[in-house]
Amino acid sequence: MIETLVVPLVKIAVLLVGILTAVAYLVLLERKVQAWVQVRLGPMRVGPHGLLQPVADVIKLIIKEDITPARADRWVYTLAPIIVLVPALVVFAVIPFGPETNVFGIRMPLHVADINVGLLYIVSIASLGIYGTILGGWASNSKYPLLASLRASAQLVSYEVAVTMTLVSMILMAGSLSMVEIVESQQARGLWFVFAQPLAFFIYFVGGLAETNRAPFDLPEAEQELTGGFHTEYSGIRFALFFLAEYANMIVIAAVATTLFFGGWLRPFPSVAALGLLDIVPGWIWFLLKTFVLLYVFLWVRATLPRYRYDQLMRLGWKVLIPLAIANVIVTAIAVVVL
Amino acid sequence: MTIAFYTLAAFILALGVLVVSTKNTVHAVLFLVANFLCVAMLYVLLQAEFLAVIQVLVYAGGIVVLYLFVVMLVNLKRGPETHVDPRRRDRMGLLIGGAVLAEFVAILLYGFAPRATGAAPAAAAPGVGNVEQVGWSLYVDYLVPFEVASILLLVAMIGAIVLAKKEP
Amino acid sequence: MEPAEPPVPPSALPKPAPKPPAPKAEAKAPPAPPGPPDQAPPDDLARPDYLAPLEQACPGGVSQVSYWVGDWTLIVPRDRLVEVATWLRDTPESRFDFCSDLTAVDWPPRAERFDLVYCLYSVPHRRRVRLKVRLKDGEAAPSVTGIWPAANWFEREVFDMFGIRFDGHPDLRRILMPDDWQGHPQRKDYPLEGPGELLLEDPLEWLKLRNAAREAEFE
Amino acid sequence: MTDPHPVTATRTPVQFDTDELVINMGPQHPSTHGVLRLILRLDGERVVDADVVIGYLHRGIEKLSESRDWTQIVLLTDRMDYVAAATNNLGYCETVEKLMGLEVPRRAQYIRTVLAELQRLASHLVWLGTHAMDIGAVTVFLYCLRERELVLDLFEEYCGARLTYNSRRVGGLPADLPVGWDRKVREFCDIVDQKIVDYEQLLTQNRIWLERTRDIGVISGADAIAMGFCGPPLRASGVMRDVRKDEPYAAYEEFAFDIPVGAAGDTYDRYLVRLEEFKQSTRIIRQALDGMPEGPVMGKVPRLIKPPAGETYHAIESPKGEIGFFIASDGKSLSPYRFRVRPPSFCNLQVLPKLVRGHLVADVVALIGTIDIVLGEVDR
């Protein structure tokens, strides 16, 4: 009973709380990192160094008036943020944060579920989030959100192909779809896959930037062009849900990249015995650290680069990334068969 | 397990009815997505996780998105009703309905007929993953039909592009 | 924006010398001047080299030449404007290819109360000239948008502010004021106080009412 | 909407019924630089046509000036191009001086030049920041505004105001330079010269920046002249036209500086031209500070400024382009009879529909940025 019901439920609860907190602080981190890049201080007022700013933000978003435009499609309008958020959170179920660990005397793996199609599960669930984006824009019954949601969905659909292709080459390397087994295979080979597949990582990362609508691919919410994007008409808690989902998706992308390319919970250079003392640090800390670094790169890129234009984005996706990804799959397949 | 199955089945049927009965096409597409998700859960119940995931990925995440695009973008105003024969639709409906009904009846008859070979589908060998089984059967047992189907789809895709492409 | 409102006919004005712009400062000032002096150039000054060919090419195209603080001004009859402007733009010795500015000045007591002022510049020769066209109220000027596309918005602004129409302008609408505005603010007889609903609808009626109110107050 | 192209035998019979989308950009939109309104007709994301609606900031400054006396108008000119108020002051004062035949002391001319160039730096910094932000490079915006603060500090020290300076008088200047001011200006010039390198590193060779600006809004030199383009956009189209060189005013005749000229006439060239103007401006400022003559800063001006009857047009080079003042005086009253400004933003904005046609919505934003408008000046 404890094994089958309570432990997973506790895990889910811990995970949800953790993710929501992480998202809240990711927003703060983004503001801080941007501020530092731009030679200013960022939020400083709420708590020491603005550390309580997320709390203030959440309170503000919750108590704000929640407006539904008069001619919006009420049901869909309400449903859209939920559709966006739920997949973003559900995906975390299969991400292994660490190896089997003793927690309060119970030996358990640090993931909610290890299903044998883990990677595909992530891809397919994540692809559902797009409905929220499209419907949010459509249901607002407003032109700018509609344009933005079209951009968003076209962008998501086309970059998903490239991202999935890179995942295929990772599957070929690991010989499994299970997230845990992918990490274990990296352990067995003593090699982070990023060193074997730098191109795949690059494509994955660029595609990830595009899929999460981050700069320089933040066209769907380019506020200078579309006054905010598909959630222009949203306010209050529903807007917060969109926001939450966006940052949760960022964490997903970073966490998956960590698992696939950076050896998940493994320490750096897992095959070099001389670095054995690094094992003192528990695996989940390694995992979080790597995810954090990747997230930092997300923010860094945003503070540095201008924004692509819609057609250029499409061209990059279809004419550069997808052919590269396919070529990568073929080369990987040949290499796997030959070696 | 049985309860789960019947609940899901009820949901699937109800959503299917909603898809055809809703006036608002966007809502209909939404119900369709929900329908597909329920079907995917059904697959999970059957322990066919790979199929379930593919169902979500391809149908719910891919194809229906395109439907949604079309429904949202194409003007929803009804085109001119050009039915010369007002009864034509009814006759067509009857025809198709009859065919579907016959199919159902055939399935039912077949389903309730005493099984000749009972244990054929349940050959899930332990240790071999679901994915591998699908892979084996697709790429070894049914390689030719699979490739033919892919080429057919490719042809269809190219044809659609050619048709849709504006003349320079 | 077809006839938004008929241009105020001069006869309808209470007096050809309406309220001057600044009631306090101007109250004691003599009635508005008859127009700019348009001083003739001093005799010892060399006339610009394009003038003689211009007068040859378009006889009667320049009715008067004026010079003041370094600026040459050619006063051109209304019906010759396009001809003169085209010549000035196209002839190699003048090449006034840049329409720097186009505006108008309202000199009410004069019969031809509007001065349309075209400030031209020649990029190759680096010099300026001004054309001036005098217009009666209600008279339309020929549009120069065909010669200098830049004049498009300038002419719209002059129409908006002075109510001068331009024949042949592709898109003569108000530009700065709202589309449903009544009256043309830069005219000297445009009332400076207000506004009220009535002012927007009928400025003249508003003026009469206000004057009546003031008289009553005075008595 | 019906299909504008009827199905003919030469076209494929498969036709998709497409609608043109009309969207309203502004007057409240984050990147229209104020209260500009564009009515865009879109085919997908491509702009078929654009109509510009202005006038939301119309305050009737021209009309207002007819009831202010000649010195008060300096204050009104601040409110036109509020990003480059000092340049407006200069243009107005010079026009009145021309009308009255006033002599301005050389020291005042030099200081005016320094102030005008500082103002050009400030205005270009705002332009670069907002333009980069429109294209998504937010960081550049904050960097630029950081440097602009330094200019504002300098102006504050000189005349006490940070935005609307009222910093010229007809016939000279309200005050001489504060002690030590020139040293601070020199320091500022050094800082700007360094920071330009920073901006260039962030943008000039950035692939995304290149893709977003190259071949966007191309206009030929001849078209640019005909459409009344002026200032850096005109020069980016390859036309050598700068009022500072062509019709020198203030003390520009005495300084050596170059006029950068572009070739392609696209957004990228307009960016390069302005970036080069930064360097030329600091060059002019340094020369002016080096050769700063001694003497009074106010010329012999009659107590009551009342120009004789007559009209004149005088133009100077504002950061946005040629700003001209047409002033008619009747010689009797204490205020101008007619006060007309030729606003460079207004003329440049007129070209916008031509520039945006055929580009994408995202380019519209970039193009509004590239022509560098200030709505306060467009509407006056």
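Per-chain residue numbering starts at 1, and chain names A, B, C and D are given in the order in which the chains are listed.
Keep in mind that, in the parts below, contacts are C-beta pairs under 8 Å (C-beta built on N, C-alpha and C of every residue); 3 or more make two chains touch, one makes a residue touch a chain.
Source: prediction; values computed, not measured.
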Please flag the chain sitting at the greatest distance from subunit D, going by CA centroids.
-> B
Consider the two chain pairs C-D and A-B; indicate the one with the greater count of contacting C-beta pairs.
-> C-D
Inter-centroid spacing, subunit D versus subunit C (mean Cα positions, whole Å) = 26
Return the distance between the CA-based centres of subunit B and subunit D, expressed in whole Å.
-> 61
Rounded to the nearest whole Å, what is the centre-to-centre distance of subunit A and subunit C, using the mean of the C-alpha atoms as each centre?
-> 64
Parts of subunit B lying in touch with subunit A, wherever the complex brings them together | 24, 26-27, 30, 33, 49-50, 53-54, 56-57, 60-62, 65, 68-69, 72-73, 129-131
State the interface residues of subunit D toward subunit C in the complex, per the touch definition above.
-> 54-55, 58, 60, 62-63, 66-67, 69, 98-99, 101, 225-228, 239, 241, 246-247, 309-313, 315, 322, 324, 326, 328, 330-335, 337-338, 340, 342, 346-347, 350, 379-380
Okay, in this complex, where on subunit A does subunit D touch?
-> 34, 37-40, 143-144, 147, 151, 215-216, 218-219, 222-227, 303-312
Residues of subunit A defined as touching subunit B within the complex = 73, 75-76, 79, 115-117, 120-121, 123-125, 127-128, 130-131, 134-135, 138, 146, 150, 153, 157, 177
For subunit D, which residues count as touching subunit A in their complex?
-> 21, 23, 29-31, 45, 132-139, 142-143, 146, 202-203, 206, 208-209, 211-212, 360-365
